[in-house]
Amino acid sequence: MELRLIKKKDKNDFKEVKIKDVIIGGQATTIIAGPCAIEGEEQILRIAETVKAMGGNILRGGAFKPRTSPYSFQGLGEEGLRLLKIAGDEVNLPVVSEVMDTREIEMTDKYVDIFQIGSRNMQNYSLLREVGKTNKPVILKRGMAASIEDWLLAAEYIASEGNLEIILCERGIRTFEGYTRNTLDLSVVPIIKEETFLPIIVDPSHGTGIRELILPMSMASIAAGADGLMIEIHPNPDKALSDGMQSLNFKDYEVLMKRIRSLSEYLKS
Amino acid sequence: MELRLIKKKDKNDFKEVKIKDVIIGGQATTIIAGPCAIEGEEQILRIAETVKAMGGNILRGGAFKPRTSPYSFQGLGEEGLRLLKIAGDEVNLPVVSEVMDTREIEMTDKYVDIFQIGSRNMQNYSLLREVGKTNKPVILKRGMAASIEDWLLAAEYIASEGNLEIILCERGIRTFEGYTRNTLDLSVVPIIKEETFLPIIVDPSHGTGIRELILPMSMASIAAGADGLMIEIHPNPDKALSDGMQSLNFKDYEVLMKRIRSLSEYLKS
Amino acid sequence: MELRLIKKKDKNDFKEVKIKDVIIGGQATTIIAGPCAIEGEEQILRIAETVKAMGGNILRGGAFKPRTSPYSFQGLGEEGLRLLKIAGDEVNLPVVSEVMDTREIEMTDKYVDIFQIGSRNMQNYSLLREVGKTNKPVILKRGMAASIEDWLLAAEYIASEGNLEIILCERGIRTFEGYTRNTLDLSVVPIIKEETFLPIIVDPSHGTGIRELILPMSMASIAAGADGLMIEIHPNPDKALSDGMQSLNFKDYEVLMKRIRSLSEYLKS
Amino acid sequence: MELRLIKKKDKNDFKEVKIKDVIIGGQATTIIAGPCAIEGEEQILRIAETVKAMGGNILRGGAFKPRTSPYSFQGLGEEGLRLLKIAGDEVNLPVVSEVMDTREIEMTDKYVDIFQIGSRNMQNYSLLREVGKTNKPVILKRGMAASIEDWLLAAEYIASEGNLEIILCERGIRTFEGYTRNTLDLSVVPIIKEETFLPIIVDPSHGTGIRELILPMSMASIAAGADGLMIEIHPNPDKALSDGMQSLNFKDYEVLMKRIRSLSEYLKS
């Protein structure tokens, strides 16, 4: 693996990505939570308050949704980003949203604190280069068929334009197993920590596609050494416009936050 | 599978995509050939003459190359497209090249007769929509982890913007087998012909990654019912700047063309 | 790949496996056909007559069925083998059936002309060694997750006991694609012919799991260079006790035989 | 999934498998450790003492090794089993070893406390039935390409003969990712606990193939809810006759035991 800019030099070489007063990497365990899709002002505000109240660190929400079918709900677009920013400001949490098109980066930049590159665009090299030209942190999700090498080289694309504020996010790969939506590959957590100084978080919502698996896979991720989690939550998952099957309701999110915070403290003690 | 615009209505429902006087689909067996990357004027002109002389129908050549590493040769960019057009005009063949960024479509449109969407961008929905707004044919390669349904729904994205001039191209999927670069999935040929009226071609160069497998897999593709092939050729494959391992030299290309034309005639007799 | 006994020495090094007056390998195109499971005397006799009448070379039929669930029909056992032999003798065709247990080899040996090792037992090394101690031909199906190397080394197990009468059979591998039962990997055909002198046949019934794909995938297999096919047929596929979805009825089998014989002659002309 | 005998009835329905005074399942966290292959009396005795001294519960060791190549070390056979039993008796630990052939079950039964069915034989239904006729516990490893349903139905084969003393063992599946030997699929831990009352353990040695990943993946397994671990250890991993790359030395095994025991206590507190 020919890494240049993101290669780990020695075992103490790790990076803390800072977003306002939030840190990802190092000693932190950072929880990003929010809805798959922003559906309206009330929804995102309620969620933002819950994320904050339970100790979440960053608010997520999709405005431009890369849906497999053109006939599925595609997100609220810029209006969604505007609502996301209002919600984040309201509760004083940084916000992250996905960017899918080089032409949208400038606009998106006005609303978000972190850019997300989704799985389907992990090898959209034009997009990687463009976010690499900004100075904002980027969450780079692993592609569904991306080897670890492909993924780290995608991060090199961003780095090669000058932006080293990169957070890797494991979200499952495609395998023959159809019980889960994807196969969450947690062995990447220690591997990434061996190969690069960049932090790595895990998305057990997409990684499994099954609500009941989010808690145990979150526990496993943190025990494996992940720097944080990205969790989908919704006030009423069964009525969510997108991915409700893999979203936690507020009560289950509260349970998860307590379990993860406690495990995290135990592991660092 | 919820196809709307590209769904096959009955067994005689098939589309012929026309590019100048070339047809893809129906009774035709259409051969697209050329280098992985355009390297210079002499190279592309020599290749164009060979493609034409042996009975090839369309000239391909990469100018913007989606390379896994940012440190690999990235292609000649617009200058490459200019040379491709010169070469195509010289021998009177339509030309196809990959477009990777919504911002490049207008410029690329000046040079090419067919847009290619590569595997890595098969779910770059912004890009799909933009080529869907043009009236030029689009070759849509299957993503490395794309199910048949994902792939056809990606074609629906193009179609939903009004452009039905779509050619599907199988190029192998990622599996555990490491002997070949990808696993060429030829069963998609009859499946695609069952589900949609769109034509399907096969790229055995990327589909196997091994020069010696191009001929037998080309024969198999045509026998399975494919409407054409996309083949990488190079005057000196071992010195190619990109993907030489999976390129044919001129002599092997000549052999392939004779075998394929003969098989195709046999099958239609 | 450390092959010893089955390694190809030069491009003219290929083996013909002989079973009575039938040959697999070399210039032959050998068709093995029959039901997934032997269901009774009338069924297997009718099928045997049809296999023979349409020019099939070998009769197949399962008596000990490796079913995923213990609650599915498990086959008729030794009685099934007895019926298979009667049917084979009646129409003068060699017969093949699967053996799953080292303890059954001696008994099975009395009835069959060829042993079949199924996918699930491709790495049942005790079983491989035992059939290696007989002098009967063995059809070795590829395991669902077997790399080409794993597969050829499994053949080495048989060879290492002294039996070189081995026929490899591609039958699809497990991938993320769920449209087909397995992903038929036809690129193995030329690869196997490069690495070993052993013949290779293809089973498009298991390889796709879809009746309509058997003919096009059979054509593709032969065009890729396969030495033969293994096809499931049944007088009434929709009422078959096992795998009816991937069995041809007699009429479609007749069409297939004509197409394959014609293609085979064309390719050798 | 049509489970009959091993189906979970309600959320409190879980089974404790008892082997002498060791329990797998329920509140226990059971550690099985030992060499991939038994190499000699001194080796297995030293390892047994170490397994015991650090708090391991069961001694493992391979005597009949299912090696991909017939030319690799195949194990010491019955002599290995004899040494394993001596070592287990010496330190008062139950022992487990793999059985690969129906003909070896009776002999193996004299030496081991638990039968292991390996990945390659997960669908060797004759073997499953035979161990199902004994009254000894069986560790059933997941096949490399086995879906969760295939795996549980394999367990049903054992159960259907009257033996419900079954322990499932996740050991990684085959995917496109080549960095690790297999992709360890930890989401099966909560899934198995939802579908069946049988206990599940994890083998991170085979599951990753990389020594450095054993500790973090062991932590993740326990955090996900696994009932135990199977770990390969060796006094000198670099000189092991089999699978040294994925074996821990004694010092790292000691670290692992302390970390796992502590995590396990934390999780149950």
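The first chain written gets the first letter, and so on, giving A, B, C and D; residue counts start at 1 in each chain.
Everything that follows uses one rule, which is that a residue touches a chain if its C-beta (ideal position, glycine included) is under 8 Å from a C-beta of that chain, and two chains touch if they have at least 3 such contacts.
This structure is a prediction, so every number in the text was calculated from the model and none was measured.
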Touching both chain C and chain D (chains): A, B
Label of the chain whose CA centroid is most distant from the centroid of chain C: A
Centre-to-centre distance between chain C and chain B (centres being mean Cα positions), rounded to whole Å: 35
Separation of mean Cα positions, chain D and chain B [Å, integer]: 48
Shared interface positions of chain B, touching two or more other chains: 145, 149, 173-176, 178
List of chain A residues in touch with chain D within their complex: 145, 147-149, 173, 175-180, 183-187, 189-191, 194, 207-208, 212-213, 216-217, 219-225, 263, 266
Sites on chain A touched by chain C in the complex: 174-176, 178
Contacting residues of chain A [partner chain B, same complex]: 2, 4, 66-71, 100-104, 120-121, 123-127, 143-145, 149-150, 153, 156-157, 160, 173-174
